[in-house]
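Shared between the two complexes below is chain A, which pairs with chain B and chain C, respectively.
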Partner chain A sequence: MVKFVQAWRKYRLGKWALALLILFLFLLPVPQFVAPEAKLVTNSLLFSLTQMFMLIILASDWNLIGGFTGYYDFGHAVFFGLGAYGTGVMMAQMGWAFVPALLIGAVVAAVFAILLGSATLRLRGAYFSIAMLGAFVAVREIIRVLRPITGGGSGLTLPPYLNRPLFYYVLLLFMIFVVWVIWWIRRSEFGYTLIAIREDEVGAEMRGINTTLHKIVVFTLAATFTGLVGGLWAYQNTFIDPDVVFFDSRTLDMVLATLLGGLGTVTGPVLGAVLIYWLRDVLWANFLQYHLIIQGLVLILIVLFLPEGVLGSFDPNSGTRIGGWVGKILREADGETEETANAAESVEAPV
Partner chain B sequence: MTAVTQQQPLLEGRGVSKYFGGLAALSDVDFTVYPGEIMGLIGPNGSGKTTLFDCLSRVQDISKGQVFFKGEDITRKKPYQVAHLGLSRTFQIIRVYNKLTVIENLLLSQQWRNKGILKQLRPSGQQMEGRAKELTDFLLMSHVIKEKAGNLSGGQKRLLEIGMALMPDPDLILLDEATSGINPTLIETIKDRIRELNSKYNKTFLLIEHNIHFIGDLCDRVFVLDYGQKLAEGTPDEIMNNQAVIEAYFGADGDEGDDEYDE
Partner chain C sequence: MNQFLQASVNGITLGGFYAVMVLGFAIIWGVMGVINLAHGEFVMVGAYLTWFLNKQYGWEPFLALLVVFPVMFVMGYLLQKILINRIIDRSYLISLLVTFGLSIIISNSFKLMFSATPRTVDTVLSSFWRVGGITIPMAKSVVLIMSLLMMAGLYLFLQHTRRGKSIRAAAQNREAARIVGIEIAAVYAFTFALAIAFTSASGTLISPIQPIFPFMGPALTLKAFAITAIAGLGSIPGVLLGGLLLGLIEVFVATYVPGIGTNLGVVASYVLLVVVLVVRPQGLFGSLRPAEG
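Right after this comes the complex of A and B.
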């Protein structure tokens, strides 16, 4: 194991593994172009992966405000809804093309985030969470009532565009972009500032940090990404109505994925989203009536037994048994003595 | 120590009052701190010292009265704006970012100097690491620079807080019981550091202390709070021989003097 860690570091295998994974994901649809009859890669597989990429982006967005900044947004899917409806209304009612319509969707989500954030992010913790939950329900009902614009309860049909590989590539690229942005933020002074706000907001404010401004900026960024996903989702789904767009457990999925993977880490929400997505796929296929119950149970189990998430549990500083074991191997690989060992640094340490 | 001249005060409070419901934690307190001074603030427990710091750093609203810093009215400013003007503080109840390392804590205490969020998008620590390292040397903490702040001892955390307060190069530093829970050798170090910062870099200090010797050794002037009111003001000698002060400490409330070294 020690040898393995040393080799892993020496040859930067992490980077190679990541590069290979990305290459694989890019090449995956190719068999469909070259040999469609062979059915090696089906449209439904691409569709599934596309949904998974979306969940990864959504969870990563939620993690920006919930994991880094410590503000649990229980209504974050409202931005998904605004993006979907912004895009949908422009296309179905105004006859706009997709790309400009999508931009409108993103702008609607961003503007709403700035307005809502300016009001709610001044509140601390729990008040923000509840205000966001309220915003989610309120926006859904407003959309239901604004029938002439939004189609109300009967929804809107968008011009169908059925090109699974294209959606697959767009979402793959977008996902890589979002995770890269968040990775960048995590290393930047801005990212550390968000963590400082989470750790001690009052202290941060007294140490010269304009906390409200930072919260609004990160909230708006997360909302914009989420709005873009909403718009893309609306187009690939070709139909939107308040119930499918403002689906009850959409925020829950983001929370669940983030907690499962590891709150406040870059790769945690990615891993968590992958797990949740496949878990849900299995659940939907086999236990349709019970899937929400099982999802709820999973959440409770994570909070009880994996409070730092799957990834967090592997962190040497987490105090878990696995973490201690990982720490020991890393120290041996470093050739360090016990006393100097505590500094095992990693961007992925849950902070 | 700098002689107090008739210069413009660095910090001035006029009739500062703070009410918590019916409780007057501060009533009509006037005070001035001149540039280059080391000023002491003493008083029995619950006399309003920390509340005064909270009002100055604007984390508490000031109920009545006004505060000026460098001639500017900061009575209604936000906490971060006061910090930007050059006023730093430490906390009686320690406030550090437990899950971040010592150096990250230090760097975050001056991050606002990178004006604008776009400038914060560079990887952390590239610009100011030198200064943070200097400060950890200065405070004898260079061996724990990569330690998580949460793993430090109480004394080390207090030192870290002082470092965090110094990091943005402020003009006025408020220290709230910086020596409590710290061992005597380290207290001497802190004393030396304050003296050096004051004489060499012309930093002004306002410090809350229970340790009378510390006050006597360091301070040019002292002012005393009791039940939220200013009881006396003067040189340390004058204060220690002031009848009202002696009564406030040793009088009606029994043996408050024993708190000298409490945590």
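Right after this comes the complex of A and C.
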């Protein structure tokens, strides 16, 4: 195990593995073009992977505001819905092409995020969470009421365009972009500022950080990404109505994926989304009627027994048993024994 | 003029129900600091219990209170012992998520058991009072009277009994309450049980007036949150005023905005929620415990 960690570090296997994974994902639809009749890769597999990429992006967005900044947004799917409706209305009612319509959808989500965020982001704790939940339900009902524009309860039908491989590639690229942006934010000064806000908002403010501005910027960024996913989803689904777009458990999926993977980490939401997607596929296939009940149970069990998430439990600093075990291996790989580690600590300690 | 009076009466009867529906939510939040996102589901459970007794044994809906109240008191007690006790001292995210999970489990279990079809409960009180030009359904007036009686009962209980005083003490200062010999865990369990019993009893009250269905909960939870936020945590007179305010707003918007008014009335409460939270997060009428940071 120690040898393995040393080799992993020496040859930078992490980067190679990531590159291989991305290459594999890019090449996956190729059999579909070369030999479609062989059915090595079906359209339905591409479709479900596309849905998985969407969930990864959505969970990563939620993690930006919930995990990094510490503002738990219980209505984040409102931006998904605004993106979907912005795109849908421009395409179905105005006859625009997809790309400009998608941009409008993203702009609608972003503008709404700035307006709503500058009010709600001043609230602390649960008040923010519930205000966002209220905003989510209010927007759904408003869209139902604005019948002449949004089609009301009977919904809108978008011009159908069913090219699964294209959606697959678009979402794959978008997912890589979003995760890269978040990885970059996590290492930037901006990211450290967000974490300072999460840990001690008053303290951050004392240090001269404009906390409200930082919160609004990150909130708007997350909302824009979410709105883009919403627009893409609307085009892929070709039909939108308030209940499908503003589906109750849409926010729950984001929260669940982030918590399962590890709140406030870059890779956590990705891993969590993959696990949730896999779990849901299994549940849908075998326990269709019970799948929401099981999802609710999973949520409670994660929260009670795995509050750090799967990845968080592997963190040497988390204080969990797995974390301690990982920490020991990492130290041995560094060439430290228990004694040198203790010695180093005792030197560092103030006299 | 008649339309105005009619709308006022409708708003007050709706507001009376809202006020009694919110009580349990406001108490759990005010005393324990737990925001119960499964609140509306307990209203739904009470309504379904009433519907079951009504359909199966022909019980009058208001008589069902005699069963719903004790049964849900015990359920609430067990729930607090098994689940809620574990999360009281943890971050509010934990309690939001656990009760959110609970709400999904309850509503979907009820959908499996009773299907998503809306159900109605029959009552002998189906006639109307006619006063001047306005009509008041008899069932609604009974609901209003029962709501006011229940609120008054709870208020007197909290103000004047030893148990009630210990609940208020635990809400105001937990450590001090512990020092003077109040057993916090027992008080919490009793409070949660009482709140759940009141919540489900409000479900019984609503059952003869509105159709009931498994997914009626989340809208009620949000309204409960809106009213509690307007009223201030755990203040019973505040809850009554907040409930009446929301009921009147909903009915007036629905009556006076042409065409889309009915749907807009529902929107009004959520918009009000966001506005009140932003402008005055500590509530309009003060509160039992200071607003958390």
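Things worth noting here:
Going forward, the second predicted complex is superposed on the first by the 336 of 351 C-alpha atoms of A that agree within 3 Å, B and C clash if a C-alpha of one lies under 4 Å from a C-alpha of the other, contacts with A are read in each partner's own complex, and residues count from 1 in each chain.
Going forward, a contact is a pair of C-beta atoms (placed from the backbone, for glycine too) under 8 Å apart; a residue touches a chain by one contact, two chains touch by 3 or more.
Keep in mind that what you see is a predicted model, and the values were worked out from it rather than measured.
Using the contact criterion defined above for the overlaid structures, shared-chain residue A:R207 touches chain B, although it does not reach chain C. Contact with chain C, but none with chain B, is seen for A:L123 once the two complexes are overlaid on the shared chain. Touch criterion not met for A:Y161: it reaches neither chain B nor chain C.
Of the two partner chains placed around the shared chain by superposition, neither chain B nor chain C is touched by A:W325.
Of the two partner chains placed by superposition, only chain C is touched by A:L292; chain B is not. Once the two complexes are overlaid on the shared chain, A:A196 sits against chain B while remaining clear of chain C.
Of the two partner chains placed by the overlay, only chain C lies in contact with A:E141; chain B stays clear of it. When both complexes are aligned on chain A by C-alpha atoms, no chain A residue touches chain B in the first and chain C in the second. By the touch criterion stated above, chain A contacts chain B in their complex at residues 184-185, 187-193, 195-196, 199-200, 202-211, 213-214, 217, 317, 342-343, 345, 351.
Against chain A, in their complex, chain B makes its touches with residues 57-59, 78-80, 82-84, 88-89, 91, 95-101, 104, 107-114, 117, 119-125, 146-148, 151, 164, 168.
Listed in rising order, the residues of chain A touching chain C in the complex are 72, 74, 119-120, 122-127, 129-131, 133-135, 137-138, 141-142, 144-145, 147, 248-249, 252, 255, 259, 289-290, 292-293, 295-297, 299-300, 303-304, 307. Residue ranges of chain C in contact with chain A, taken from their complex: 35, 83, 86-87, 90, 92-94, 96-98, 100-105, 108-109, 112, 218-219, 222, 225-226, 229, 260, 263-264, 266-267, 270-271, 273-274, 277-278, 281, 291-293.
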